[in-house]
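Residue numbering begins at 1 within each chain, and the chains themselves are lettered A, B, C and D in the order written.
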């Protein structure tokens, strides 16, 4: 079997295994697995509204996934996507409420503000890693908490003591009547296009630019990269900054599309952490991230329908998702299995 | 029983690739048995089978006549087989003693008894004249001492049969001499040795018999006394070969590299290069001879911008490049074949093709306005792969999968084809077989003949003597003398490198600089 | 037996359908991430809906009463929509976090009756429900001020948001009114889900001499209870108390045979939900209005202290309560 | 509070806060020292907290005062079993260890909440009635700091020292570190790399479960989705901060605890009370970053950590 075919088959088998495990758990727990999956399917594709909402859900996952994947490709583990996303969310919402401008300026400005905020939040661990060799994992974990508290405080300041900002001006919104009507008033917004553009941006940076070449090289071997004349420090910082910018734009999707405001957060959104899973499901490639986000987002969104339509706790989908990721990680076994089967067939 | 080890018709496959195709090796008690073959011939694989790291697909192993099934290194240890690996198997942040006792610890009340263990190591070390400090950390000791630790590891386990996989590849001439003495002492103690080396001279000097393998197949075994290097070489390659590098006279012209009063410190702030002066001209190869650790690495790193210069200057073609970033130095016309190809020379997880463009990816025609053209990288890679005979499946194969010789050829191709005014080659032939060495040497000479400057750093007297036009001897961070190869004997050079008799030799080698 | 049971189920389903055909009023709610067992307002709201369902012979499910739980903030909108699609006559959004979602849907679906708890949405088809938390907290302040033996009491808040600040303001005012000498130690923890912060903060307050702590901090408040209970376990004579919030937190305070819960400030979301549902069923849905539930209409209250508060103090609390109901005392919403 | 009281408070609440982190971080030390990156600490804590609480609730009638202790053992067992998932994937299946860890985290919380809903028909458990409390031995009680300590804190400190001794002074520790630094070397010396890594990951599972159960039985007293929210990641940070050393991890966890307590005492101190609360909320995290950048500096992970060992690979 060709390598490409195997590469495709691995995630497919992982998904099948995940669903199988989920089915077994449902059966053992006394639920009807067929009803459960029917509800899940219904929850994702049931009608236009749901399809719209599913796509909306996928949008921030794509960006969070890109953020994690991009850092990974440069040899960095960015657990701070969550925090970068939160500051991006705030920045976009702030620009959205603070001024009213023509849409053609306002919307890009708000997205840019989010990217800049996220980039700044990524710059800190990048700088500390490059200059002081501080492990980026700890710094980004700490910065997540800092982002949460700082943004909550800023919301209070900006909104004059309230727990949320006003809604952003329409000129900064990603929402569109057209998409809403198309999908039966779902909150589907133009963010998905922004996300897909960012997918292309990541692909372009990594695969088409000298910067991408350097980032990958530094990711694999800092020593050799330095010997080859690359600026390792600069590349580490740059990788974190770009990664943070992707995450920040992910926040903008929420600020300008899904919610159109930002409110105090009692805890993390989870999107940033899920971004790790998305990136890894997608093997850290731009296109892979789209698939990872689609799978992850669909399951998460569709799961909401399970307690409703089949009386099964949503957590079953969490289990299924985890099992899928587990088997993607352990793809060696699946590959071995595919090879064995392949060989047996050849033998015959 | 005549043979202590018999490996009969051993077959080892990696997927569809046959690394060992029915090879037979028989080792007599008390002999040094050399194993010879080109890079990738299958020597290490065969030894890894003997040591239980690989399970063979076919064949039989007998130890002292008894068939044994060596399923893992523990079995090998129990059979009295010890191995000194090509790439050292030492835990860098452990002490010598810890490395030696690992897996076979001496305990007192459940706690590792380091005191007693290090005493034993000390004793063993003295018994075989190995001169090892049991309490030193591996990362702090020289390569030579690391190797002696590897030997101690096997002796500590009571090995009777010792396998040495390319033990001399990374040793200095002094260390090699010591190692040979150690091996002879081991034989005297009744042990048997299997020795893998690419250096025919060593085989001729120390071994009793030689088994030759070629492309995974056994060619046969000969008595060392009844053969000569030429015959061994042709047996190894499979045709008549001439391994002497042809080299005409040098015609040095303008100064390319000029180092003045250079002082460089290491990361601890200790001066490793002290007010060093050196020039290299167009059309000459200057060899830096010296024992490892006398400032060679720091010197190169300072020239290439990888290390901060404390004082002094470095100029390329008359242009001061002191303190330049590596990229700027490269652009000033310097090519660099680094000492450690895995760590510094290659991004092992990148395809060979990417590695070949590791210095030029940002320049036209590969890149324009920051946009990179991978098809051009591939095209260039194919050219160089062809021209430098880099054996790889394709330019997209990860560099990791290439043999050391081919990795090195790719690096040479990359650096030489950039046509630098100054080519710095640090230990360019380490671990390579004679064929590959010859290839690389002729590339260096070719550069010189095209009017380029070449700076060669080597620990091997042979190499320095044969390739250089002028030899600068480095000792304790300074060039203590410069000699002409044709006017100097190996003995003299060796003494110089050890820092001896600076004045007398200087007078003896009077007319060296033109 | 199996067959018989299946038949029974079918019959039931048939019955349910008939009920639907009769066009009985149906009501549903969306919880925030807490879920219907958060021992707080989600739970209380669900209890109100269940009570309403029971009293009006509704079945749980479509055409009767139902709830959906949200897994994240992004789910509110979806869940509300989902319930609307399932044709519930009235849909509640529980909690201020749902304000944006309710506002948006109210505009998209002008025919749909919606209600929101703890926030105001000015749309003609939305009934907004607020509570005078400060009035309940005021009584808690009175109780604390009169019961303290050390002259020092504490307030542990979660995040600094208006709802919690109303609790704080009421509590401070109550203490001030009952005994201006009593000191109040106020501290916010910045989180609703960090029990360890609640515990450490309570530890600090008790160590510094406070003997009664009122918490309005969700699960962070669990830590306050933990600390108080531990102190009582260590030393049965320790005089430490906790005032719970939202629901009657008596159970949380149980330690062996005693209990550290002095009382709890009740926020009767159940009553409000019941009330609004009844109005809507009777065709009097207060769309576009904001209804504020205070002491007067049993929207807030103090829980039974089960003897922890002495009779004379209870009597004084009653007096203050009467004054608030009559409007003689107006409890401030914010801290000056 | 007087300055002395404040000091006692800071120290004792730092220790209290740190106890579960110390244990979990040391679990991470074992795993990573053997060469297996363990991002799944959070998930292991979740499993420990869940089983600790559920077992406590079900067996409290039978076991009485001993319940929390027995719960700890049960939590260690389930933690160990759960960590096998990581071991199998990371060691035998050559899986990407980070991905597996992420999967473990997702799986743990999903399974735990799923089971809670199945068992209790609601999103969180009831509150346990018997939990851990402070040391009650009379002669210790009067000593400041120690008197305010919990048995579980003592346990954590004991575990730190025992782990230090095990990792640095026993044959097991020597092999563990060798396997994490240079598995091929260990292999040639007859050390079973696979076995060592399994054992190490299982120890991290046991300690992760233990830490979770301690957290749940000293602090939250029930289990729900808000019980373990990031403590595992803080433990991971403590492990790195502590340079993969058990005592270092303990120090780092205590540092976190200290910074956290400082943010709580803050408002009652004169010079702190003026600044906006948000600065107190972020204080622990900012202090950590400053400490790392300022004087802790470079941390180097065990060399082989994160890479599956495949015999014969270079």
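In this text, a contact is a pair of C-beta atoms (placed from the backbone, for glycine too) under 8 Å apart; a residue touches a chain by one contact, two chains touch by 3 or more.
Protein identities per chain, from UniProt: A = Branched-chain amino acid ABC transporter permease; B = Heme ABC transporter ATP-binding protein; D = Sugar ABC transporter permease.
What you see is a predicted model; the values in this text were computed from it and never measured.
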Comparison of A-B and C-D (more C-beta pairs in contact): C-D
CA centroid of chain A to CA centroid of chain C, Å: 35
Between chain B and chain A, distance of the C-alpha-averaged centres to the nearest whole Å: 47
Centroid distance [mean C-alpha coordinates] between chain D and chain B, Å: 45
In chain B, residues with contacts to at least two other chains: none
Residue list for chain A, restricted to those that touch at least two other chains: 149, 152, 267
Chain C, residues touching no fewer than two other chains: 69, 160, 190, 192-193
Pairwise chain contacts, counting only pairs that touch as defined: A-B, A-C, A-D, B-D, C-D
Chain A to chain C touching residues, read off their complex: 49, 53, 57, 149, 152, 156, 161-164, 167, 185-187, 254, 258-261, 263-264, 266-267, 269-270, 300-301, 303-305, 307-308, 314
Residues of chain A defined as touching chain B within the complex: 207-214, 216-217, 220-221, 223-231
For the chain D and chain B complex, residues of the former touching the latter: 165, 169-171, 173-175, 177-178, 181-182, 184-191, 303, 311-312, 314
Residue ranges of chain B in contact with chain D within the complex: 48, 51, 53-54, 72-74, 77, 83, 85, 87, 89-94, 98-99, 101-105, 107, 110-112, 153, 400
Sites on chain D touched by chain A in the complex: 85, 88-89, 93-96, 98-100, 102-104, 106-107, 109-111, 113-114, 117-118, 226, 229-230, 233-234, 236-237, 240-241, 276-278, 281-282, 284-286, 288-289, 292-293, 296-299
